[in-house]
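In structure tokens below, several structures.
Look for chain A in each of the two complexes below; its partner is chain B in the first and chain C in the second.
Entry: the complex of A and B
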């Protein structure tokens, strides 16, 4: 039976059910169920976060100045973004202004994360949805060399170089250690790249793996260490002393120069390897137009990368802030994270309980009470679910809504808003990619469009790194080396009770932390993370979330090889570690795919 | 510093998430080592947390690699078990216990793919008793294995000339740049934990019931 959702999608759960659990190559654990019609087209999609998240509750009663250190540990990917969002929330609550240099350094930390995360996501988590590794082993390295030289000036492009890489990977595979290439659906007809393009992408998989270590050195310098860089309420915990020498202590001229050189090389790598590869691969998938989901209808961004310190206006954010609903790109709505009527979380389809589940709660009033119950149409047992009942509660992810609308967040959301605002640095690269590929504007709203926006954003972020590093150097040259404001460090200077909100645009989308401080301690802490938006279950009005919407109407080549499902889910760069929380050693490495 | 050049590059790596009870074992061992010993420049101590791909480069640097982690060996809780060499990857990620984006098994595979697997590897693993206590600390039986884990690593490294200098006084918590932030230091982390009434500590019934079945 077909039903129409409140946000305009048709669902039909009568066909064969395919269960993918866990979805691999993501951070955290998730499960996905779809119904296929007789032509193997997805007509119903159900996204389930299979872990419970408890970040909020372990922060109660702790010192708000320490919250960042806990939030940084929740996840192995966006560590710094959580820390940044946390210190912003606490500063907002306590009315703490930060120095201009701290703003520049925080932006550099955040942009570094954007570049690093996007690069690693593209090559090491997402590329294998488009690139057939086994086919690469049959490529003619001379053809790969010709292809490489036709798309980029990147110097590592000789036939001999590609032959060496091919032999190295062959030896690796022949030795039986498939490693990262285990569990691939090699040979699936949904792979469209010729062997020489597969070899090019595989080669850059290895180069990117080697190069990413350079990018994160920026975190080591400004964050004092990596992994788990240090942050500070009131600024950044790194002192600047240009005359300093030696390896310990303040950031000196030698380290500032090191960062500058890393930024130059990062720009080169992104613009000469990542972006050309992205466009070359997309060229072979122009017919694969699926996966748009909510992106052409409803997108949200909180904005980030403030040009100046302590100015929260939308105009000051280099990554744009705004909301688009009902597909109206000509109308960008303001977003107010404090307004109790704007952002609300619903739990009638999530494994939590509220006193009244027909209503949503603003995060400042958020409740995190676990309630694991299953609907009457569940198949299997409580511990071994064969098929979930999506009419009842079915996920550990809450359903956040903006003025009642399910929203997509992430690079495509940010770039769509920037494009709709007519900002040249977003509009021109999108137009150029579409023109080069000979695609209409609507093609942007697709799985490939999401993946392309991420690549363009990696380039944007790399160039913005240069901007903020130059700005910092200019301030230092002018004698300003202040990096922290400690006037309100002591709890005795704080109000008895205070509420604050901190936001950022994490690589995978809008991130908000809401904190309530009472008598110097955390009373309530709620985080609404990007994958809560994208991976959300249904709500009382029947709206489906971004993952579910994006999977609809996609044809699947082989029902027992969910390559197309993974392709679209991966395009969101899901991170369920912080949207949900694992409770034990489940999750075998091998994905179970059950067709019923 | 050049005097150390004949000693092998050695990485002492703790992995896992210290917010999940015994999952924090590896990081706590490294914290303990850092507070009680000093090393030459050829030895690195690393709180790897739940990092994935970032650790590939650290692993590639090492000639000798010692990994401390909570490992599901299927043994009695609190059992310390050593695994050496090629057998190590099998025990890391066969049942994925952490949210490592890239299971550590895959980190080793990526290092191997780049041709830089450490020459010798030792896994010092403890069988966890408790993983479902969110915001909790090590259980007593697992905590008691911290010092034996350090001793096991010292014994294994001894033939390779790795020098451990014991400090007369352990360094102050939070004073070491390379360690978890002071708020996460073991004793303070435990002392400031919200009560069970304040903070729900248990979770997904499917996993809890599955563990009971096993």
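Entry: the complex of A and C
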């Protein structure tokens, strides 16, 4: 039976049901079910978040200055972005202004994450959806070398270099122990790259694995470690001392030079390896135009990377802010995170309960009562689910909506809004890629478009790293080495009760933290994160979320191999630990399982 | 079956001569506190060992442990994965999904019964019938216990698997439970930290592969070689502690001079980890060097020991060394007394650990 959703998609659950659980190469745990019609085309899609931790209730009664450390542990992949959002929320509540240098260093931390996360996502979480590892063994390394040199000036491109990598992988495969490549979908007809391109991508998979650990050293200098660097309410914890006694115990000239050198190498790697590979691979998949989903209809971005400290205006954000609905790119709506009518979360299809589930709640008023129940059409049992019943509650993810609309967030959302606003640094790279590939503008709204926007953003972020590092150096040269404002460090200086919002653009999209502080402690804490938006289940009005929308109408080459499903889900870079950490207010007595 | 690369071949491929390789083995022996005669055994093991399967399961976690693991500089993560172990299951990196992924667990359990390592990142929740962490439609706890049944040993990566970590902080709403409390019949090696240092993770794995035995553990199950000392014991800012020179406020003169962060809440005096020696991300820095105190992320229940900025830490798990603040007060008054107190505490700790290690050896 075909049903039309409120946001304009057709669902038909009559065909063969295919279950993918676990969805791998993501952060956290997720399940996906689809129905295929007789031609193996996806006609219904069901996305289920399958984990849940409860960090928000754990935060109650804690010192708000500690919240960054707790929320940072929401996710170790997008490490730091929750911490940044948290200190922003607390500073907003307590009226704390941060020094200009702290803003520059925070931006450098956030941009470092953007670059690192996008790079690791492309090569290590996403590439195997496009790249056939086994086919790479058939490549002629001379052809790979020719291809590499035709698309990039990257020096590691000789036939001998590619032959060495190929031999190494050959021996690995011949050992019979395939490690992470075991049971992959090698030889699936949905793989379109010729062997020499597969070898190029596989080689860069390994190179990127080595290089990614260099990028994060920027976090290590300013935050002491990665993953999970340290942050500070009121500024940043690293003091600057470039002149005097004890400079070696602080951020000094050697440290600044180290950062600068990493930034240079990062720009090189992104612009000479990541982006050329992305364009080359896309060129072989031009006909695979699926996966657009909500992206051409409804996208949302809060904006981030403030040029100056303590200015929350949209004009001050280098990543754009705004909302597009009903596919109207000519009309960018303002977004107000404090307005109770704008952002609301619904739970009628999520494993939580509200007194009235026909209504949504703004995060400041959010309720999160767990309610793990399965619908009557579930196949299997409560602890052995064979098929989920999406007409009932079916996910640990709530359904956030902006003015009632399901929204897509992430790099493609940001770049679409930037493009629609006519901002050159977003518009020009998109136009260039489309022209180079000979594709129309609409091609942007696809799985591949999402993946391409992420690559362009990695390059954008790498160059912005240089901008903020230079800005920091200029400030130091002018004698400003301040990194923290401690006027309101002591709780005795705080108002008796205060509310705050912090936002950022995490690698995966719009992230918001809402905090209520009372008598020096956290009274309430809510986070609405990118994968809550993208991975959301259905809502009372019948809107489907971005994952589900993007999967629809995609043909699957082999029904028992979920290659195309993974391809489109991965294009969002799902982060399930982020999306599903919410929890009930009281630490309720819950049923327990026996441990043998 | 064609032979796979051994450690030795990997090193040769990286341009390391046999002479350097043997020197590396001697240094490894020395670093691990072994007699020089062990160098030969290390060399032999590295030249001949095939790859041990590792099944890396994920429960309730944030994936920071996997992210840390791939930061390893020596050995490189790619060499660990391609040449040292056979990482046959790790849902963050593996190509397969769904039933093709779960089939791998079955196959490795059958083919390598008793000979694979189970690595666990995160922990199982026991509330909600275990269904707040679902894998393949079932509670993660079931998958964990099944895979554990036939493994050789369990590595509990990070503070989640070792202690419970953030989701187990009060009031632990999902009843997230550390691995050793649900797997009781296998050796569990705890490698705590949020996350653990990359080279500590690869160091523990390569130790097990090289010597074909578990590393010596302390009473709480942590490898002595990396968790035998407190961060404070080897902190480069320690002379400032001893001299009574402290950071009093963020970004003050003391902060810029690299003074001791004890008064800003640093938990280095009560935290057992290798941060001040191995340091982070190829030795670039560690939290204290970058100006923030240690938050004690490798210690049990570190989330529930008051604010990270509260320097009055009174913990009861360390016996005589319990009250680090007493040491701090002593330092402010009398430098000599502080050093004395620490020396006594450290000596006692060493003796206890030695006794424990000997005791454990006798049991084997």
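Please note the rule applied: the second predicted complex is superposed on the first by the 571 of 596 C-alpha atoms of A that agree within 3 Å, B and C clash if a C-alpha of one lies under 4 Å from a C-alpha of the other, contacts with A are read in each partner's own complex, and residues count from 1 in each chain.
What we mean here is this: contacts are C-beta pairs under 8 Å (C-beta built on N, C-alpha and C of every residue); 3 or more make two chains touch, one makes a residue touch a chain.
For clarity, every value in this text was computed on a predicted model and none was experimentally measured.
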Inset, instruction - Using the overlay on chain A, decide if chain B and chain C clash or can fit next to each other. - result: clash
Inset, instruction - Considering only the touch criterion stated at the top, classify A:212 as touching first (chain B), second (chain C), both, or neither. - result: both
Inset, instruction - Figure out whether A:369 sits in contact with chain B (first) or chain C (second), or with both, or with neither. - result: first
Inset, instruction - Look at the residues of chain A and decide whether chain B or chain C touches more of them. - result: C
Inset, instruction - Identify the partner contact of A:226: answer first if only chain B is touched, second if only chain C is, both if each is, neither if none is. - result: both
Inset, instruction - Determine, under the contact definition given at the top, whether A:177 touches first (chain B), second (chain C), both, or neither. - result: both
Inset, instruction - Quick one: classify A:19 as touching chain B (first), chain C (second), both or neither. - result: second
Inset, instruction - Determine, under the contact definition given at the top, whether A:144 touches first (chain B), second (chain C), both, or neither. - result: neither
Inset, instruction - With the two complexes superposed on chain A, say which partner A:240 touches: chain B (first), chain C (second), both, or neither. - result: second
Inset, instruction - Would you check which partner chain A:504 touches, where first means chain B only, second means chain C only, and both and neither mean what they say? - result: neither
Legend entry - Colliding region between chain B and chain C, picked from 95-103, 239-247 or 293-301 after the shared-chain fit: 293-301
Inset, instruction - Take the contacts of chain A with chain B and those with chain C, and give the residues found in both. - result: 26-29, 50-52, 54, 57-58, 62-63, 66, 69-70, 73-77, 79, 120, 124, 168-169, 172, 177-180, 206, 209-210, 212-213, 216, 224-228, 230, 370, 372, 382-385, 396, 577, 583-584, 587-588
Legend entry - Of all residues in chain A, those that touch chain C in their complex: 19-29, 31, 50-55, 57-58, 62-63, 65-66, 69-70, 73-77, 79, 120, 124-125, 128, 133, 168-169, 171-172, 174-185, 206, 209-210, 212-213, 216-217, 219-230, 232, 234-235, 237-241, 244-251, 258, 370, 372, 380, 382-386, 396, 481-484, 486, 489, 561-562, 566, 577, 583-584, 587-588, 590-593, 595-596
Legend entry - chain A residues within the chain B interface of the complex: 26-29, 50-52, 54, 57-63, 66, 69-70, 73-77, 79, 120, 124, 168-169, 172, 177-180, 206, 209-210, 212-213, 216, 224-228, 230, 368-370, 372, 382-385, 396, 577, 581-589
Legend entry - Sites on chain C touched by chain A in the complex: 1-5, 13, 50-51, 53, 58, 60-68, 70-73, 76-78, 81-83, 85-88, 90-98, 100-104, 125-142, 145, 165-167, 169-177, 181-182, 194-195, 198, 237, 249-251, 255-259, 275, 280-282, 284-292, 295, 297, 303, 307-310
Legend entry - Touching residues (chain side chain B, partner chain A) in the complex: 17-20, 47-57, 72, 93-97, 99-103, 105-106, 109-110, 112-115, 131-132, 134-135, 177-178, 180-184, 192-194, 198-211, 213
